[in-house]
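We just call them A, B, C, D, E and F in the order they show up, numbering each chain from 1.
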Amino acid sequence: MNPLADWRVAAEPFYAPQGGEIELFEAACAARLPVMLKGPTGCGKSRFVEHMAWKLQRPLVTVACNEDMTAADLVGRFLLEPDGTRWQDGPLTTAARHGAICYLDEVVEARQDTTVVIHALTDHRRALPLDKKGELVRAHADFQLVVSYNPGYQSLMKDLKTSTRQRFAALDFDYPEAALEARIVVAETGIDAAVAAALVQVAGAARRLKGHGLDEGISTRLVVYAATLIRQGIDARAACRMAMVRPITDDTDIRESLDHAIDAVFE
Amino acid sequence: MNPLADWRVAAEPFYAPQGGEIELFEAACAARLPVMLKGPTGCGKSRFVEHMAWKLQRPLVTVACNEDMTAADLVGRFLLEPDGTRWQDGPLTTAARHGAICYLDEVVEARQDTTVVIHALTDHRRALPLDKKGELVRAHADFQLVVSYNPGYQSLMKDLKTSTRQRFAALDFDYPEAALEARIVVAETGIDAAVAAALVQVAGAARRLKGHGLDEGISTRLVVYAATLIRQGIDARAACRMAMVRPITDDTDIRESLDHAIDAVFE
Amino acid sequence: MNPLADWRVAAEPFYAPQGGEIELFEAACAARLPVMLKGPTGCGKSRFVEHMAWKLQRPLVTVACNEDMTAADLVGRFLLEPDGTRWQDGPLTTAARHGAICYLDEVVEARQDTTVVIHALTDHRRALPLDKKGELVRAHADFQLVVSYNPGYQSLMKDLKTSTRQRFAALDFDYPEAALEARIVVAETGIDAAVAAALVQVAGAARRLKGHGLDEGISTRLVVYAATLIRQGIDARAACRMAMVRPITDDTDIRESLDHAIDAVFE
Amino acid sequence: MNPLADWRVAAEPFYAPQGGEIELFEAACAARLPVMLKGPTGCGKSRFVEHMAWKLQRPLVTVACNEDMTAADLVGRFLLEPDGTRWQDGPLTTAARHGAICYLDEVVEARQDTTVVIHALTDHRRALPLDKKGELVRAHADFQLVVSYNPGYQSLMKDLKTSTRQRFAALDFDYPEAALEARIVVAETGIDAAVAAALVQVAGAARRLKGHGLDEGISTRLVVYAATLIRQGIDARAACRMAMVRPITDDTDIRESLDHAIDAVFE
Amino acid sequence: MNPLADWRVAAEPFYAPQGGEIELFEAACAARLPVMLKGPTGCGKSRFVEHMAWKLQRPLVTVACNEDMTAADLVGRFLLEPDGTRWQDGPLTTAARHGAICYLDEVVEARQDTTVVIHALTDHRRALPLDKKGELVRAHADFQLVVSYNPGYQSLMKDLKTSTRQRFAALDFDYPEAALEARIVVAETGIDAAVAAALVQVAGAARRLKGHGLDEGISTRLVVYAATLIRQGIDARAACRMAMVRPITDDTDIRESLDHAIDAVFE
Amino acid sequence: MNPLADWRVAAEPFYAPQGGEIELFEAACAARLPVMLKGPTGCGKSRFVEHMAWKLQRPLVTVACNEDMTAADLVGRFLLEPDGTRWQDGPLTTAARHGAICYLDEVVEARQDTTVVIHALTDHRRALPLDKKGELVRAHADFQLVVSYNPGYQSLMKDLKTSTRQRFAALDFDYPEAALEARIVVAETGIDAAVAAALVQVAGAARRLKGHGLDEGISTRLVVYAATLIRQGIDARAACRMAMVRPITDDTDIRESLDHAIDAVFE
């Protein structure tokens, strides 16, 4: 069985381009350059990768990186079985061996041993040494590495090593401008365009508070959540509070500002 | 055997709504939005989830999160058996596979690798990749993720990642107002309504000391404990001291204030 | 074989009540409320639990908590055996399954994953989920959880979580007053009552130094040690020095004060 | 099968010498002195090692060092197999036993236990004790140890022990001067010489910002990336931004400076 | 086979009493009180325990405590064997089960989980619960626990818990006074009494520097080393430098002071 | 097979004595006193041990200590094999059991559990308890423990415990004086005596910079490296730069001073 059968993107994911990112990504893929997507939480990076996987007809293996992930979680490990041990490819190895896009989401969260395993895959060698198995996996022609990186997270404690960072071509992402975001919300939820526009207006208000009490703006996902709740029959103001205010802050002043904004928009 | 048979909520748990939380939760469940419950210790979040599990007729799998919990504790692991290894689903996988509400209590206590495993379950993929098993579990239609979050715990060291937080719609909870809390105490213990009201008065006095020497107010659970001891024949003042003062503080001044309050109420 | 046979308290442990603690504990047990015992080292908390176990005719499983103890040390683990793995209940599971008092001594020393496993046992569920085994152990009707807590240890680094603390009714303990402590020493060692009174006088002098160079007072256990040495034929002053001074301090000034007190009492 | 068959350098890697480094490296190899290559990220150290491996006709085993790498990752370990355990040589042991160049890239990233295992290989003993296997591997006559070291990384926390450092002869590397670098870019991508020269000019501008807001200069690899994208039909300015600016900085001012430089060069 | 056969003290170890410590230790043993020996490095604590083991005709199991020692290192563990797992008693369990003196040298170095395992052995229970094996080992009548403690090591980071400390009767030790120490050196090495006296004089000079540049005085062991080297034909001054100065300090001034003292004594 | 066959020193290692160290070491060995060698990196400590092993005709087991080394790495461990587990002696056990010199190089780098295992081997017991195997290994009559210690590394964080340090007689080492070092270089490389003298002059210049920008002086090993490169036909100045400057410093000023010194000597 094709181990990547599960990882095909079945239907075209809705994606509204912000600039030339589709062409740039296609060029990088054609030249087999690893790509880094940069931008804040929920601005559409993951959706973009899915869209490109669908467009290029390649399976997509997504890994949510975290500080407790080990190199073995990416590369694979030996499992004990009734008749001895069996090697189990990790998601990166599966993608490299069989030809998928491997998407390491929030790569900066991972420990160094995790990020360093990609080195041999990202230079002219395009190979993945499985030291524990004593095998050198040559990457499939369709293998493509993509990582995401949130500049807002960047800190003294956690950053990519220079020698890792300088292995990627990079694309910037940001929240879509208002009209586009409203169209996305309509496309995702089927909500009335006017309501979608109003919700995007609330999100805009919240995003302007970034750095003034809010660490991050409101993602498009949360705007879609609010629209979804409204479609379930919930009052627009309650939906906004539940989906766009309560999840992101406990600060009384900021909650009040946002509640005011909601009341102003949905008066 | 249905692995969730043990996790059915057999009888209707008493729950007195504080606002529109039941309708909002039902709407989120219908739309399959993950839900975050916010509020102080012992204000009824867990009871609310049990009530909703009973109302929606879904099994409830509760996990008390903690800083030593690993992703494997949620997702599952291979066990060594006489005839080789056997995969054991963790509570999150069980809930996702067979269709239960999975309630991650105090999710902020968990390490990042634990919280990050829910990412693929909380976006449009609704899937849980079991990397070690090489399986992609598609969530059952009845699967619903609920987490609780105590804003009072929030610290620089421990907080949810923005990319995790922005996957939830959220509901606020607080201690019930006095008349409602007294009714809860009567319902839980069968105590006289006047005594219940008096106990709630003592709890109210203690909650007003929050931030003035007490980190947290007294939970409804401890009020129920006091009523229970009184029902066992213990003097009301001794019961209040044992159930509502001694557990929460060792500070002599605060103990004295609370003892005064008890004597005033039960004079 | 009953796995709790080893844990029966065979003979009545001597215990002299300080107040209404026996009645309060019995009421809590009857209502199945978890109990927390608070007080300094060696004031009789452990002895009280043994006495209650004997009185209530329940086996007693004692666990000395420490910062390296894991949840598995309490709950149990799989052991490798000739014919595969075998599950070994931990002390908490044994007590819950077969109906014993489980006494977690100095619970605040344990890590959070250890303390959090008691949550489901200490609310209306009264159940212990063995996630690794996929079993939900319903607590036996005779299961009773007791923990001890030394307020003097309380620090910023180590304290019970509020959500743990608010699951217990609590009882205060302190060193017995002098006449009672002397009677205890006589009962334990068979020493002459006058000598016992003199030893208690020395202990009282040391306890007054708590906070003035001594972190903790002298426990009743050390007074019993001194009496024991005297019964072995050791001179009273040498016995006091060996049992009541040398173990607790290396500070020259405090040693001198205490030696003076000994000489004054046994002149 | 020769375990080093995979590690032969098949074709001559393009390498343009900067000074006498080829002769010095050959002399060190002939005398079996371990060699340390010093210089910034992406200045050609790895390429130089590959070139020398090809020139000396020796297999090349490259290991990307990282802080989570253990001594066993270098030396080897026992694996469980159907018929008991089997020893698996690590990359260092493979190289020592069968005669390869072992290249420890960014050796300072590794933990001490990893760096210390090379001691016996780097003095007159030229042997590797496999303590866990109870074997002393005498190094093959063709075994050659090479490590790389980026002086810019040197910190109080991470540095080679003096007793490790004083086991190497060392060679300095830096970015190639402009004409040479342009020739490299042409050789690697087939791009027009004028465009290559322009790209190198941009890289030079960025390297002059090192220490003025940039931690590291732009590596030759990124210049090659930009040329590759241009060869794919991407506009030169967009290619420069994607390959030479976005990957290395999120600072608005620096991005603007670099974008200006790009516009000036490609006006 | 008696597992303690190896641990018998075959010949009478030379021990010169400093005060009533032998009688006090015998009384504590008779009453089964755990004993703590306090004093600086090399003042004779370990020798005293060996002497008492010989005198009381009990096997002696010595454990050098350290911060990496686990509870399992003391209590025991399951070992994998051809026909499954086998339990291996640790040194503490061996001593408790078969009746030996168990001597935990420098107990304060151990982690808390190591020290806490002795709790049940040091109160009236005199039992050791082997939780992993599900066995409760009742201590043999001849089991005696002895620990050593160096007050000079005492720090904020490392100290015994009060609840551990208050389980011991304690004896103070210090370096023997000069005439006695000289006799010890003669007895151990057969050296001339005058030379022994001179060596002890040098040691005394060094001990007076404790706190003035030296952390610890010179142990009797090092005096014996010096005498041993002299007996091997080494010049007294060279022997003193090699055995009594070089091991304890690298400070040029202190070395000079001590060298002067040596020259003065052996002029 | 004799497990120490591999560890014989086959040929006489060249060693030029600096003082009476050979006689003192022989006396300590005869009396079985453990020996500590003190001095800077590369001054000849390891060579001295090899020379003594050859002279005394004993096998030499060398262990490079490091902070990740465990007690098991020294003592041994159980290995899983087709027919169950097999005990594998570690290097210290091998040396103790069969009678070798065990040389723990840079012992202060090891963790405490590693250093503490030598305690029973370094007092009158001369035994090594293998707790995990339940065996007490009596040291062979030829067993001799030697450790090295670099006073320059001594820090607050890493130092030998007093109770470990006071188990050794100690010898000081330093770089050989110039004429002797030149003779060593000639003996090792066969280089012309005048060139050797010139190289030693350069090394002397660098050693005078110790504490003025250099942490450590240049070891004799690096001087030998330079001579070796010259013998391979490399120009003396290039050889000095590659072997004696580049490995030890990246500081521009110090590199310049040293390059000047080289030019002055080899003008």
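We adopt the following convention: a residue touches a chain if its C-beta (ideal position, glycine included) is under 8 Å from a C-beta of that chain, and two chains touch if they have at least 3 such contacts.
Everything quoted here is computed from the prediction, not taken from an experiment.
For the pair chain A and chain E, there is no chain touching both partners. Chain centres were defined as the mean of their Cα atoms; on that basis the chain farthest from chain D turns out to be C.
Chain D maps onto chain F through a rotation of 60 degrees [Cα fit, steps of 5, range 0 to 180].
Set against the Cα centre of chain E, the chain with the most distant centre is A.
Rounded to a whole number, the gap between the C-alpha centres of chain E and chain F is 30 angstrom. Centre-to-centre spacing of chain C and chain D amounts to 60 Å, using the average Cα coordinate of each chain.
Residue positions 80, 83 of chain B are each in touch with at least two other chains.
All chains form one closed ring of contacts, and listing them from chain A in the direction of chain D gives A, D, F, E, C, B.
Within the complex, the chain D residues that touch chain A are 3, 6-7, 41-42, 46, 62, 64-69, 73, 77, 79-83, 88-91, 105-106, 109, 150, 152, 215-216, 218-219, 221-222, 225, 228-229, 231-234, 238, 242-243, 246-248, 250. Contacts from chain E toward chain C in the complex involve residues 20, 23-24, 27-28, 30-31, 33, 36, 38, 70-71, 78, 80, 83-85, 111-113, 115-117, 119-120, 123, 129, 131-134, 136, 151, 154, 161-163, 165-172.
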